[in-house]
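See the structures that follow.
Each of the two complexes below includes subunit A, the first together with subunit B, the second together with subunit C.
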Partner chain A sequence: MAEDTRQYTEFYAQVEKSVRERSCEVMNAPRNEALQTFSALGFPTRKVERYKYTDVAEDFAPDYGIALTPLEVKDLPYCYRISESPVDVTSYYNSLADRQDAVVALNTLLSVDALVIYVPRNTKVEHPIQISNILKGEHDTMVNRRILVIMEECAEADIVITDKAVDQTHFLTNQVVEVFAGDGSHLNMYEVEETHLLCTRYSSVFVRQGRDSQVRHTSLTLFNGRTRNRLDVSLQGQGSEVILNGCVIADKTQHVDNNTLIDHQVPHCQSNELYKYVLDDSSVGAFAGRILVREGAQKTVSNETNANLCATSSARMYTQPMLEIYADDVKCSHGSTVGQMNDDALFYMRQRGISEQEARLLLKSAFIIEVIETIPLEALRDRLHMLVDKRLRGELSKCEGCKLCK
Partner chain B sequence: MLQINNLHARINGKEILKGINLTVRDGEVHAIMGLNGAGKSTLSNVIVGHPAYEVTQGEVIFNGKDLLKMTPEERAHEGVFLSFQQPVEIPGVSMVNFMRAALNAKRQFQGLEPLSAGDFLKLMREKRKIVELDSRLTSRSVNEGFSGGEKKRNEIFQMAMLEPTFSILDETDSGLDVDALRIVAEGFNKLRTPQTSALVITHYQRLLDYLKPDVIHVLIGGMIVKTAGPELALEIENRGFDWIKEEVGL
Partner chain C sequence: MKEKNGFVREVAEKKYQYGFTTDVHTEVIEKGLSEDVVRLISQKKGEPDWLLEFRLKAFRYWQTMEPPTWGHLKMPDIDYQDISYYANPTAGKLGKSGTSDEIDPELMKTFDKLGIPLEERLALSGTAVDAVMDSVSVKTTFREKLKEKGIIFCSISEAVKEHPELVREYLGSVVPYRDNFFAALNSAVFSDGSFVYIPKGVRCPMELSTYFRINARGTGQFERTLIVCDDDAYVSYLEGCTAPMRDENQLHAAIVEIVVKENAEVKYSTVQNWYPGDSEGKGGVLNLVTKRGHLRGRNSRLSWTQVETGSAITWKYPSCVLSGDGSQAEFYSVAVTNNYQQADTGTKMIHIGKNTKSTIISKGISAGKSQNAYRGLVKVAKTADNARNYSSCDSLLLGSKCGAHTFPYMDVHNDTAVVEHEATTSKISEDQLFYCNQRGINTEEAVSLIVNGYAKEVINKLPMEFAVEAQKLLGVSLEGSVG
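Then we have the complex of A and B:
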């Protein structure tokens, strides 16, 4: 057994009984398999293609207290604890997640509860469903979060998931989300991270889309410590469309790694992807986006763009757009750019009396706003405009700013 | 207003200005003419503090203050404005946000409160009329998708908004058709007061017909070789620069 996994397997050996008691049958069923996978594989090293840019073992090495608290879900429309789900989730739970991924397996092993968001067929959810994850605690804590989103035929919903941290301790979040977008369903899903420098986030989101379904996933990393987001979309029904947008604002020593896969399995599907990063100070960004067009997936239309702005010479960006096509009648494009601040624009603004700092801020904001502007939900868009502006002005996570920075 | 003494400047190690002396008094318009590469644009860039240029010798005194010690934004707050030869496109930064940031920075420098959103937009509407700038343009990103003429009009519009005391027009007439030239020049004239001065860099008499400069300078090889009244511009239009070169022995 690999050394780095030992603290987790030993912990599980101690708490297995109480984990199983607090949890439910559908979540307990795959635990043994998860334990085997996790022990056998160990944390992925940087030699594993999809983990090239982030050192997983190092992120999981600290001695965290592991939270094993069941959820309390009360009067939240369409949201249920897994044990109280109105639909049988046996065929859904852990069916989409990558069972050969040690980080996912660890979540399957240690999650005691899961949130089910279930939207029945032909139901249009009027108000966005908002899930706020607030990290609180005096001690360094690891949280395993598990979410199932089940959108039945022609269901429509907006889901906003936010991550926040209140206390200035180390938090490690390991999230697994499985999204089932049924035929003709429409889902807009937003994930907003606004934590602090001591937070580490691992997220693995798996999406399966049925015929004529539309999914839009927007990932926004506004403030973080270390973040690794995996997002896999499998287009399994003809006529389905997916939009993956993301924006990252990082400075100091922040690390943000987005790794996406769009798997075109059938003909006549469309995918669009736009990720933009603004990196300042000594922050590190990584983006790897793989578009896979399988044999027979004719008439696929796919666009992938990753654009990055490095505001300093010590900020680093790794970008890897990938297009793999096994069909011969498709329209696909992909590209990435890494640029610096436009000196001519900076000078132009300074000549008009705008301070250098404000001019830089305007340029960064202009760069990132393109992603915010794609958000159809007006209230969220307005709020994000405000948050982005505050973030770039250094007014977000203020206490963090004075504690660890000058 | 502006006094330049023995100014030397270089870019990428190459000396371009080799001892410029120039005095512009309140209310005066001076024109600088000269062949391509003579250093006209370098002079304007040095005055506004472009970081690519290095001043190796000399001084620039603006209303008694040492301009060369100031950052570009401080020079702007003091009242120095450059109408760029090639205005920069800034995608994603709206004209409104850009102008508001510029105006409020200046107001802050003057110890004034920022303008309210309503007053600001009213001011934008008023000043737009001076150069007949379409509201369609001021609702876009800075200079993005503007034609050559619209960019130059936008420069004068910004000048109207910021009310500088000393403006440099760097080939503001280049790329303009006859009508646009008239609009830009008349716009500039509307903004003139006995307290404002300007330095106009141009190759052509046409712009000067409108602006009626008080003094004409000829810049050759990084030095001002001849200074005279407005009649000099007409003579250059007719005879070119060769006779001046011969006269000064270049």
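Then we have the complex of A and C:
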């Protein structure tokens, strides 16, 4: 295990000084602890329940050049570099992230800058905030990304985070997002990944919700190489509501692993989760959703659905919807299915002169669209309809309309 | 609310009615576990060398293993050196073997008290019984009658002597000793259990049943049951168990292996009522068992039905390996936990053959401060074209201090498979209670009515005699648990 982590600890030893200089006090403070955790734990093996379906050590094994460039944030409303943040972030930074997770610790260790999205109380952000992560580089590169979202009381915002890769080299992204949703706040967060087969993405999103807050997180993996998304939501204020939706379209050798945890700590909270996968070729999908209802969290209502479509015999799906409940006055359910396309529906369409290929495409698209339809942001929804269609036709190789790709 | 707690107390204080002990002279070997103990057990049972070799291999392998910690259980540390691995209650008066026709009247009384007839009464001719106390089979009834049809039903120790070729062929073929920690332990020190062989084309005319009883103090029971159902044969097998009330934890680590061949059908039903510990969570049996059936033949069928009401800790996953094309497996379970009981139970369905089908219906009921978890795996291998699985796991919570959990795993490696899983967790709906109340049914009766209705789907799958017992057990465990 030590072997896997050595290249990172050695690299850190070399660059520690410059990392600390480029960064700021609040980010430097937890570095020593992170280094210790990271060296002590090593990368989680597949025996660690939450990493059962993804071999972390293998993903982190290649020799990547590690990007240590600070962010440039210019004239973006509500977005700041951490060193220029209008609020004191000491009490926020690294307070929500799981410090016992080696992948998170590695991010804490190597991040030089963080993006802070700060929405003051009673503020409604009119236009969605879009953050485009564009991976560019001539050599194999690892990127450590850190985002803090601070929503004060009754703040409202839409955040769209997109991942794109321009160059055909290997990229490894390790992202940690901490979201603090204050009392009565509303947050819609979308993560859209359209990269390519050589990209590996590790994302750990941690959300804390206050009283009567509402968070909707939508994760869309349209094109990727290997992806592992961890999403932990802790409902700490009564009356809060969380909606987690996700869809995955995977083919070739793609690997997508979504691992979510919804922690109901107080009464009268609601959670809804819907994840859908379409798997083609030799792709591998994994979904593990755990809903934890703690003692005393009465009147919890929770629903979890995971539906999967395997289109070939070599595609594999692992699904694991878990309920862990310590309160009695609750209504919780989960459902999970793995299946294939409905023969009757295919026959119906073919009878009406729709080619088999087209019919299959329609069915896949209809299957996925259930998730897309839940998106309230019309412009994004339309674009996603187009992207999903193109993706299923195999035409999505470059991001549409982006200057960099030409 | 006050009234509610009153009910709970009433149930908590309800006595475990099988908690008495039997005063018979029992030969108990020294506590502790070593190669010598394994040899001693084997020698006492007069076993052939190949079996001793099997035990020793298992023991050596066990020594290299760590106990599993993945269960959703708070397991007390088990001191494997503080358990006696062999206790023979028939040794007192009979001397050598326990198979003599004369049984210690104390033992007779015990089994009578438990409602298990050891005499072959005409009125009860529907069931043949193998009664096992501690490490020894006391008596197997109706053997002659079964023999006429070619059916072998005896204790496994006798089977080793009388049908070594059969035992040797199948023992460890479904659950190898390397399977898991407790399977390795059992393979090293297993004492008694039943052996059933149904020859080709025979439909077993009566229910076969084994009754397990732990009596001696400071011992563990290591049951080993092996059922082989040859082509086109059918058998329905029942298993029941009880233990005296003791303030120490007693270990029950069993292995049940079932082999089902072409077109054969096996129904295996368990009503598990080991001593669950007192209302403070002291004592109780640790029920750590490995049960597995191998559906080897085409169109073979296996159905597990279990009603789990006892044990301080239940760690049990009756599983099916569906390798025969067109084979079908079913798993029906009701698990009830109360007080400080903990259950982590479920099943594994491993689809390998084509057109295989499995159904899982699991109902968990938790009350008091208990924890009740369903853990299941449905695996569809690449070769299992058109495999079909339906799983449904419901949990009912009676009380705000208990927990109900569902951990289903689904691994699908085939595109023609259809796998469905659904689970719900809730308490008894107030509408339903209100509906009953409105019609003059008091809350206590209403709860029992609703719980019984909830468990009906599973209980209906039990053979007649057992269904009645199971229904009563549910009543005892839960009647009036909450309002």
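Basically, the second predicted complex is superposed on the first by the 396 of 406 C-alpha atoms of A that agree within 3 Å, B and C clash if a C-alpha of one lies under 4 Å from a C-alpha of the other, contacts with A are read in each partner's own complex, and residues count from 1 in each chain.
In the analysis below, a contact is a pair of C-beta atoms (placed from the backbone, for glycine too) under 8 Å apart; a residue touches a chain by one contact, two chains touch by 3 or more.
In this text the structure is predicted, and so the values were computed from the model without any measurement.
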Tell me which touches more residues of subunit A here: subunit C or subunit B. C
Mind working out whether A:D98 is in touch with subunit B, subunit C, both or neither, as first, second, both or neither? neither
Check the residue A:E16 against both partner chains and state whether it touches subunit B (first), subunit C (second), both, or neither. neither
Between subunit B and subunit C, whom does A:P321 touch in the aligned arrangement: first, second, both, or neither? second
Tell me the contact category for A:E370 with respect to subunit B and subunit C: first, second, both or neither. first
Using the touch rule from the top, collect the residues of subunit B that touch subunit A in their complex. 48, 50-51, 71-73, 75-77, 81-82, 84, 87-93, 97-98, 101-102, 105-106, 109, 141-142, 158, 162
The residues of subunit A that touch subunit C in their complex are 49, 295-296, 298, 308, 310-340
Touching subunit B in the complex, subunit A uses residues 342-345, 347-356, 358, 362-363, 365-367, 369-370
Any idea which subunit C residues touch subunit A in the complex? 70, 72, 380, 382, 395, 397-427
